[in-house]
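Pasting the structures here.
Both of the next two complexes hold chain A, though its partner changes from chain B to chain C.
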Partner chain A sequence: MRSFLAIYRRELAGLFLAPLAWILLCVTLFYNGFFFLAALEQSGGNVNASLGYLHRGPLWYLVAFLPPLLTMRMISEETRSGLLEFLLTAPVSDTAVMIGKLAAATSFMAIAWSSVLVFGLVVQLLGATPDWGQLCMEWLGAVFVSGLFSAIGLICSALSGTPLLAAFLAILSNLVLFMVPTGARMARGVLHEPALWIADRIDVRAHFDGSFQTGALDSSHVLFFVVWTALGVFLAVRIVESRRWMG
Partner chain B sequence: MISVSHLVRRFGPFTAVDDISFSLERGEVVGFLGPNGAGKTTTMRMLTGFLPASRGKIEVAGFDVLERSLEVRRKLGYLPEAVPLYREHRVEEMLAFQARLHGLSRADGKRRADEVLARVGMGDRKRSLIGKLSKGQRQRVGLAVALLPDPEVLILDEPTSGLDPLQRIEVRNLIRELAANRTVLLSSHILPEIEAVCPRLIVLHKGRIAADGTSDDLVRELGRETFVAFEAVVPDAAEAVRLLSTLPGVDRVRDNGLVGIHRSFEIVSNDDVREDVGALAAAKGWAARELSWQRPTLEQLFARLALGLDPADAPDAVAAPAPAASVAQPTFAEHALPTLDANLALGVPAEPKPGSYNLNPFVTPPPAEGGADDGDGVCEDRP
Partner chain C sequence: MSGFGVKSRVSIGLRTGLGVAIALVIAFLAVDLARWRYFRVDLSLSGRNTLDQSVIDIIDQLPEPVVVDVFLRPLRYPYDGISAQIAGRTLEVLRVAQESRRNQIDLRVHDPNDIETQQQRQRELGIEGVNLVVFSNESGTRKSVQTLYGDVAVVDWGNPTRELYEYLSQQGIQGTVNPNTWRPNEFKPAQVASNRAEEVLAEALLKVSSATAPRVYFSTGQGEPSIDGELPADLARLRMTLESDGFEVEAWDPARTPELPDDCAVLAIIGATQSFPDGTLDRIREFVTGGGRVLGAPALTDVEQGLEGGVAAYLMGYGMVAESGIVCEPLIGNGGERIYNSPNCATFMVGETGLSASHPLTEPLRRRSRRLRFHLTNAFRRGGLATAGQLLDIVTSTPDAWQDLAVRGQYDYSFDHRTETRDRRRLAMVAQLASGTPGADGEIQQGRVIGIASSLFPSNQLMDVNRDFLLNAFNWMTAREHRVRVSPLPASMTTLDLARSSALPKLSWTLYLLLPGLCVAVGAVLAWRRRN
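Let's look at the complex of A and B:
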């Protein structure tokens, strides 16, 4: 646990010491602020509908791009610079290294999503009554989604020799993950049952909308994110390990 | 402290480390020597557990590197060749991170950081950004990071690369100090340095151990015989050869002919017989111009390995005289080549003197004419 915390602290500090992270944070805050105001205007001042809107459309565009950009350097760059060799010869397990990196990327995203909570606080100060239960669940759901996409980013970073390739692969994977269930839903009459079953199992958006979006904390949906994220970390660890075997 | 048994590492069809075995005791400082691609870094990486071995067994401090990897890592301080440092962090932050990885308390970590920074001469740079440091300074910070957990075993891959001569001396002294209660395994291409620091050397060549022992052992094992070069004005060369041959410890004496008014001799002996030769020259009233002990250096042996020459097949090996005579006989080189004077007259580049060490890869000795090598390195004269 101590070594995990050491890795987590280092990675989080590393993110905040890089200019890219600040740029991404600024873009996210501006993006959320812009869409919140637009939604507020369109809904005629309906605070809860406007805050909820942020987790319907804008969130998914951001999670497709932000986690890949945050995680792209975490393994590929460290492999090249020799830092991964340093970490993997320190008294810390490979899994702890990977979980520490994942937790750092997810925490950064959690900070970025917390702008929605700040908006809720601001509108409350202005006299409105936001639904805090739903708002917090949506935020929590966004964090789970970010964790899953960060795990995908780590896999791609472990697979790639350069950060740019890692980001490209991760963004592509994220888009496929969005599009396959949507496509399967559209082609429900054409596709056979196994294909539909697989599409349902990887439908991230349906699991978010079915639980967190409604303000409910459903353990099955939480489990969905936890299992897929854990699988992602497991694969990233195995890829790093297999690269060591191959040299 | 370190035990390596039949270690093999393959990368696809390429065998980087081929069945090597050695062991290091506590307090031993051992230098890894070998040309690029010899397998030094691969072996070091396997010792740290970073690379798994294809075959064989490694134990560090009594723990198997693969099965008890975390215990091994706690005992190890490792400085890879590419010094791994987070360039965006300050020196003290990097050390604090290493302290946390090794489970040191904040106070202990800070104390150790101050100690190791002072040891590597970076005590005044702990607030500096690593990215702003020079290569040599980063190297020293890397060394401090490796030393911070006070490891029992230190593995240093090229620890002095990028350092200036003064810093090298400091690091060399530091390694000597550390060796008091640690096992140190280091690799370096700076041979005088590795010779100065490491009492024991392991020479790797093409993934195999070419030699293992002290510097003198290696010179003896890989090199050729040593001899005393003696040049003096002597009235009778044959008599001089006879007298020199009678000195204790002398195996044989070669007469290399006149160099101006001086006659040049090579007195082949495993021991340094300069004092005896000097005393003989004084007693006989020979005006001596040169009296030096010639022995192959580690650097020459290393260069021969790097050039892919098998040290045992020394093309410029010292040729032995006919056993019965125990006097100077011409070597194959003398038979095959015109004399130095003739070469100079013809504008031909000079070939190495018989018995000297040819490290030039473009100069290979021609086959002997009039003499045949019977395989024992001795060229027999057949007029």
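Let's look at the complex of A and C:
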């Protein structure tokens, strides 16, 4: 636990002390603000619908691109600089290293996405009380989604030698993850049942919409994100580990 | 170079591969198992994820899972807004239902762009069309087809232009204009009058799960409006509504078959303009005394001409005496002044104050602020009930109404204080008899009679507005009251007044400048400190 916390603090500090993080935060705030205001005007001032809109469209574009940018350096850069080898030989388990990095990236995304909570607070100050239960669940869902995509980012970072390639691979993987279930639904008549079954089990969007988006806490949807994120970490650890025996 | 030999590498690689494969299988299994054993908490303030308990009970008691197929196609501008609103709300309710009992409801939302798959599924279901919600049991033996515009949501289509009217007709949406008031060159936007998604869900689930459907007979042969006719005064839309609600509808001609069919659950005698054959009314009375149910609505000519052996004469035996003259209410002008002398005075709405709060038929409508529309209607006066029972007023007009009497066969639609009086007029009444016969379940089934003072009330032209009342009436008569006791899922809505407050500029400054600016400032400070 102590080693995990040390890695987590180190990674988080690394993120927040870099100007890139603040630029990303600024862009996220502006991006969310723009869509929130547009939705608010479109819906005639319906606060809950507008805050909910942020989690229907804008969130998905953001999580497809932001976690890869955050995680791209986490392993590939450290491998190149030799820092990872030092870390792996230190008395810290590989899993603790990966979980620490994942937690740092997810925490950054949680802070970035907490802009929706700030928006809720601002509209509350202006006299319209948002549905806080729903808003908090939407935020929690966004954090789970970010965790999953950060895990994918870590896998790609572990697979590639350069950060840019890692980011590219991760973005591609994220887009594929979005498109496969949608494509499978569209090709329901053509695809065989096992393919549909698999597509259904990796449908991130449906699991977010099914509970978090509507303000419900559902153990099955929470478990979905936890399981796939854990698998992502497991794969990332195995890839890093393979460096030892593959040479 | 690592110190591992080729054999060792292959061995470790295989073990790692196996480990990854096992992890993948475990992940899939865990995700799958989580769908079966789960807990769900609704944390939204509006309770939007919680269905009405009566709907939950219905879902819990389903004998087999129900498949819900949704075939949507968005409407084009200027109806894209209400189209999205109705579809969104419907899907939300269906998803909440599915999430609340996953093993019982299989929701299939078909992609509007994937026409081939849609058509294939529609062929399997034996239906065609778009903007439909189809409930069916897994074996496909029973189904309930609900239209998005009409059954799920009642839309006031405003005044579409001729082009838009044709477009809506192409989409299978009927009854968008009133031929009497439609102005083909003018446009007035549409709006959603009511959304019944949760009620439709409950009703359709009940229909799909019910093994038998109650049979409703409509009398024919005495000049009644046709149950297949599409004219404004006909009853085709009532028939279709009843059928989609799980009733079987048949016609009964007493001149050909004097005896009432044995399987008649409800007899509807609506708009007869001639007397029934001798003995028919007696047979209908016997039917009610034996626990039968009758809905009667006299035609205007029946009342005005004092037809002997007509619907009005029949209802009189249950204390519902139809009076001559049409009920009118003054119109209100732009300045709040009362306007008389207009034919429109004979068309009026009855709001919640005119609906009985103590009767299961009208109470749900009153609670949900539903309204009814009457056109050229007579009114009832209380008479004596021939047999022991209870007589109730369930729909009344406002106290401003008067009964406009015909002068030389013409109505002047103006209030004449010498011959006419203002008062609440009884527009619908219910008689529940004390007598009855034991039903299949051993309970005594008492006779029930509903009298509606106008045969136009259930007609095609007023069906959109009066649909809920009529469905409730038939469900109450067949003792399926539980179908009408569903309260709507609350929509989550908190509004910020953008037009009349300074909220928008404040929000713009905060969201565009203050918050992003703060980030830039913190980032700049950090960068500067690191540099120094």
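Note that the second predicted complex is superposed on the first by the 247 of 247 C-alpha atoms of A that agree within 3 Å, B and C clash if a C-alpha of one lies under 4 Å from a C-alpha of the other, contacts with A are read in each partner's own complex, and residues count from 1 in each chain.
Please note the rule applied: a contact is a pair of C-beta atoms (placed from the backbone, for glycine too) under 8 Å apart; a residue touches a chain by one contact, two chains touch by 3 or more.
Note that the coordinates shown come from a computational prediction; the quantities given were computed from them, not determined experimentally.
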| item | value |
| --- | --- |
| First (chain B), second (chain C), both or neither touched by A:V122 | second |
| Chain B versus chain C as contact partner of A:A90, first or second or both or neither | first |
| First (chain B), second (chain C), both or neither touched by A:G82 | first |
| Partner chain(s) touched by A:G33 [first = chain B, second = chain C, both, neither] | second |
| Partner chain(s) touched by A:G14 [first = chain B, second = chain C, both, neither] | first |
| Per-residue touch tally on chain A - higher for chain B or for chain C | C |
| Partner chain(s) touched by A:S114 [first = chain B, second = chain C, both, neither] | neither |
| Chain B versus chain C as contact partner of A:R244, first or second or both or neither | both |
| A:R2 touches, of chain B and chain C: first, second, both or neither? | first |
| Residues of chain A that lie at the interface with chain B and also at the interface with chain C | 17, 244-247 |
| Residues of chain B defined as touching chain A within the complex | 9, 11, 16, 42, 45, 48-52, 70, 73-74, 76, 78, 80-86, 88-89, 93, 97-98, 100-103 |
| Residues of chain C defined as touching chain A within the complex | 1-2, 4, 8-9, 12-13, 16, 19-20, 23-24, 27-28, 30-32, 34-35, 38-46, 48-49, 92, 95-96, 99, 111, 113-114, 116-117, 120, 492-499, 501, 503-504, 506-508, 510-512, 515-516, 519-520, 522-524, 526-527, 530 |
| Chain A - residues contacting chain C, complex | 16-17, 19, 21-23, 25-27, 29-30, 32-34, 36-37, 40-41, 44-49, 115, 118-119, 122-123, 126-134, 136-137, 185-186, 188-189, 198, 201, 209-211, 214-220, 223-224, 227-228, 230-231, 234-235, 238, 241-242, 244-247 |
| Of chain A, residues touching chain B in the complex | 2-3, 5-7, 9-10, 13-14, 17-18, 81-83, 85-86, 88-93, 244-247 |
